[in-house]
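Both of the next two complexes hold chain A, though its partner changes from chain B to chain C.
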Partner chain A sequence: MRPGRPGDTGPHAARRRRTGYLFSFPGLAFLALLLAYPLLYNAWISVHDVGLSGLLGGPEPFNGLANYRATAADPAFWHAVRLSAVFTAGSLLFQFTLGFALALLFARPFPLNGLLRSLLLMAWLLPPVVSGTLFKWMLDGDSGAYNALLRSTGMGALSHDWLNDPATALGGVILANVWVGVPFNMLLLLVGLHGIDPELHEAAALDGANAWQRFRRITLPLMRPVSVTVLLLGLIYTFKVFDLVFVMTGGGPVDATDVLSLYVYQVFFTSFRFGRGAAAGLLLLAVPLLAAALYVRRLRREAREGEAA
Partner chain B sequence: MSRTFNRRDFLRTAGSAAAAVGLGAASASCGSNHQGGRPSTTTLTWWDYFTAPNFQAGMKTLIAGIEANVPGVRIQRRTYPFADLGNALTLAAVSGDLPDIAIIDNVSMNALGGSGLLADLTDRVKTWGQADKYSHGPWASCQVGGKTLGIPNNSNCLALYYNTTMLRAAGVKPPTTWGELAAAAQRLTSGDRFGLALSAIRTEEGVFQFLPFLWQSGGDLSTFSTYGATALAFLDDLATKGSLSRSCVGWTQQDVNAQFLSGRAAMQINGPWQIPTLRKSDLEWNVVALPSDRTSATCLGGENWVLTAGSKHLDQAWEALEYTQKPSVLVPYLESFGDLPARDDLARTGTWASDPALELFIGQLALARPRIYGAHYADASQAIALAEQAVLTGSATPAAAAAAAAVKISTALGRT
Partner chain C sequence: MKPPRRPWLLTATAAAITAAFLLPAYWMAATSLKQPDRILVAHPQWVPAPVTTVNYTAAFADGALARALANSLVISCGVVLLTLLLAVPLSYALARLRMRGSGTMVLALLIAQLLPSIVLAAPLFILEHRVGLDNTYLGLIAADTTLTLPFAVIVLRPLLQGVPVELEEAALVDGCGRPGVLLRVVLPVMVPGLIAVAGLSFLLGWGEFIFGLTLAKRPEVQPVTVVLNSFVGAYGTSWGPLMATATIVSLPVVCLFAVLQRFVVGGLTAGSVRA
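Moving on, here comes the complex of A and B:
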């Protein structure tokens, strides 16, 4: 029995347990202060009528579920939910498939492989404000690089003010977010690919399986656990994206890119309705939280399976 | 108190613990402190959003003047980007780290006015006796619920700039009515050049530019479904004829000026703060009043000085504020900023009387309306911005957009 475990009954058990708690204290304190406290505070606000004057000492009456009801009755909220769903689904689909394709490419040895891989990571390392501004410029109607490219290749008729048209703005924002997310997907999937025993591929090749069959029957099934993990993490990261969208479109034109995080921001900082903002914020949190719970459960199961093996 | 455990208790409980891990470190730096110097020295904290380099010299002179002339006062200034100052004040209100003095956009008086965040200056202003020196609009923007909550710092408004060369070449006279504006814009449009540029961005900036059209048509926020539709239809018409770029839904006023400077727009709607930039270019330009429809109107912009209600140094802060309003201090300060005065007694002095462009803007201030609509104006403003964007991007007809906005506006402004 290792010291500090709950079942420990050795001569110095009590002291060892105390030491154990001491070690876990910084972590617990961190969680309590920076996670539990703001979340509880937010939950408290979400059931009170808190406006600007409330923050300054005015009355903040308890109003039960009124904030949640008002949020649920707001068409702009449901519009934001739909946009967030499209944004997340679109981003994940392209990030994952492109990331997978690149991972397959970089899994093979070729000259400059390492260098190219590190360069690709740049996209993920850039602050979202920088990548957002970059794409805002590139998608600009007048001087943007995309339109210049279209014109120079004789497709000038397709040139367009991408981010100022409600029909294409969300697509433009998704494009930027895909660019940001591809390296992250690629990196994790590459690690997964390296974990597949090359002998499996060799054996299958000897048995006459072609490349497509090997990919379909060996790579894909064996990549399933990694893929689910990557998608869950992607979901958590993508659903709450704020800065990228804020920089690129600020939610516009009209309300074409008003994703949930921007909706919450506006309720808070434009309308100063803190109670409703907190309620919407908690609802915004629900989706990533669910994904996180699934992710943690998977991690536990993998750990158990790992121990069993 | 009816509750046993309110939000402030909740904050207080965790506050000390938060300070222990250093969360307090960041906020502590902006509170007033009495350390350093003689015990009689008071450090006043001061927030504004004048971050651009060309404002710094004038601001430094002003602050040095305060410190030299107001006994025992030191100023600790902090600047925020334009869009962040309101949020910073809100957050500071929560944590209790508000500055003593702030210079805020006059439209912020709507949200902050009823909140109790701003100090009531009514009695001090009465004793001071200078109220009648200020122009009507700016002064009105400082009055909320019968109290004086601020002192106007400066004023600005919108007017119509035009490219003299382009108008001469096209044989077009500067427009004075909506009809003339539409005709001129159409004749000046050619190739990749638009007749008119304005900002229809989805923020207060875009609404600042839209409201004059609403007012000129004879309407206001309370009659938006009718007159909002008229104003929106006028802009829609400009965009449909190609005289106004639909990209203006993404342009800030800075972007609009860039379009004008690069010759991609023959006319632009913009404020006096663009004059220094325009003078640096070789462009030949002039500026006239905004064209009128049923009536003439422009929107009043500018900043107000405010003191915060929780300040421990209200007397010193007021003294500092009083000092800044002495004409001998105020005039060079405003001139260094390229700002227009918010006082009638200074409007006909110095460069404001000798510079024709500034003179035009000064004259327009008489028609400039302040945006005084109450605590929930921001929601109404958001509804207007959405309506304008919907029309200009072709997602809604002017009538439908105006009707939808009118409902939101009356909900927002009807709330107490």
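Moving on, here comes the complex of A and C:
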């Protein structure tokens, strides 16, 4: 008779634990080796003087907080922090409002709703390198589609070499990132809208509330928890954007779009200052980690409330 | 919500918005089909006429694109395989076999999928170089799997929790071992979740750029995203071949999404709003 049968508790439980560890071992070992260890190693490099010679096995003396101090003293770092803040805030503002508007539209039943929604999602699924290349071409100064649109609608005076002008390059990159982000925001907000009890709207309509009043008094307050979650996720995903900006401008012109992720890349992979790059990387990590902590707290609270309800 | 009075009006509005929104994607495909002398002009044609394939011929001319596509295919399939191989037993253990610390594990995975790749790429670059994994398929597949594995476990674990324990216990009584139960009872129930995870892992591997850029310097293993980016630098204004390349890179994404849409959308929302 086999020991692993329901009912025989003692050895059964021990056996189950053993099987559990056995099953989870490959996955956990992988995550330890390729995720946890590299991140710890990153922290280790950040307090050591590691350069190209370190890659070849040279000496790597401990240098305390020197890498952090050097990073904090670098004006380019603070410039990157400011650009990341503007990039993130601009992207979030537009992708959330546009996503919300689209979600309101797609929350209503109409023919072809599912098909059109899927088509919109395409924009989000395209590899960021493709979207970046695409928008570089759309925003091209001489033959870009946006400038052609402006010219053909009599607004040719506004046509512009968007990505090659430091004043407009960041705006162009934000535009591309909003394009990528809108469908994702719409999808998650749509899930929230579907969770609102339609009877609330019907009752309010019977009481004479017009569409705007129902939106202000019912939809908006009930969408608040979902909105905060979507914005936190958006913050995490936008703050770390690298490929899109890298492909569109490479951080330029000059340093007009040199957001924090690109700064880390340049220090680490172009200047080969591994110690300083690792330190800057950990600083880049701080914001998403903080947002992630808030996000996880919300998820847990929602789960608890879900169980209570 | 009650059905709107004029549903087709809503359809027309939504269709117009969708069309305007997808203009960049249309423009990519349209440009790729235009004759080179019709591309760099002040008043471009909105519909390519006559349609030509010269941009595609040019894009494939030196063989770099074909090799990069093959590399990306190998890498993406590798990512799917490795992800499933590691994620299925791990999610099962976390879902069923009440181990100590499994709650913390799930939390850590949730946070892991939110990390900026560049912060991981930096130390991985040094570590993979030391063990000779840089410039190999395996090095790239392993790096990409750090993105897909946390996500896969977060999607699969709730599904596994939904498999009735009685079903498994019946199989155990009938003499299946735990691995047998996993293979014959549990796996069939979770097929939709597996399809979602496989599809999304493939898409992630196909579109991944940061690890490709930093961990693969040799063209022999470089994924197509990195090659597309180097085309952008090298052929600055040859937008025809560039858009042809971008279109080719997008095609598998579009096809896969069209086929697996239902699963993929479910997996996406599950991965980000559930824990």
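FYI, the second predicted complex is superposed on the first by the 278 of 309 C-alpha atoms of A that agree within 3 Å, B and C clash if a C-alpha of one lies under 4 Å from a C-alpha of the other, contacts with A are read in each partner's own complex, and residues count from 1 in each chain.
By our rule, a residue touches a chain if its C-beta (ideal position, glycine included) is under 8 Å from a C-beta of that chain, and two chains touch if they have at least 3 such contacts.
Fair warning: this is a prediction, and the values are worked out from it, not measured in the lab.
Of the two partner chains, chain C is the only one touched by A:289; chain B is not. By the document's definition of touching, both partners, chain B and chain C, reach A:142.
Once the two complexes are overlaid on the shared chain, A:225 sits clear of chain B and of chain C alike. By the touch criterion stated above, A:254 is placed in contact with chain B alone, chain C being left untouched. When the two structures are aligned on the shared chain, A:105 is found in touch with chain C, with no touch to chain B. With both structures placed on the common chain, the touch criterion links A:45 to chain B and to chain C. When the two complexes are overlaid on their common chain A, residue A:152 makes contact with chain C while staying clear of chain B. Considering which of chain B and chain C touches more of chain A, the answer is C.
In the overlay built on the shared chain, the residue A:278 is in contact with chain C alone; chain B does not reach it. In the superposition on the C-alpha atoms of chain A, the part of chain A touched by chain B in one complex and by chain C in the other spans residues 37, 41, 45, 50, 54-55, 142, 269. By the touch rule above, chain A contacts chain C in their complex via residues 2, 4-6, 16-17, 19-21, 23-24, 26-28, 30-31, 34-35, 37-39, 41-42, 45, 50, 54-55, 102, 105-113, 116, 118-123, 125-131, 133-138, 140, 142-143, 145, 148, 151-152, 179, 182, 187-188, 191, 198, 201-202, 229, 233, 236-237, 239-240, 242-243, 246-247, 261, 264-265, 268-269, 274, 277-278, 281-282, 284-285, 288-289, 291-292, 295-296, 299-300, 303.
Partner chain B is touched in their complex by these residues of chain A: 29, 33, 37, 41, 44-45, 48, 50-58, 60, 62, 141-142, 161, 163-166, 249-255, 266, 269-272. Residues of chain B that touch chain A in their complex: 3, 6-8, 10-11, 14, 17-18, 21, 23, 86-87, 90, 93-94, 111-112, 114-117, 201-203, 246-247, 249-250, 264, 309-310, 375-376, 378-379, 382, 386, 389-390, 393, 395. Within the complex, the chain C residues that touch chain A are 1-4, 7-8, 10-11, 13-15, 17-18, 21-25, 27-28, 31, 39-44, 85-87, 89-90, 92-94, 96-99, 105, 107, 109-112, 114-120, 122-127, 129, 142-143, 145-146, 149-150, 153, 169, 172-173, 175, 177-178, 203, 206-210, 213-214, 225, 228-229, 232, 239, 242-243, 246, 249-250, 253-254, 257, 261, 265, 268-269, 272-275.
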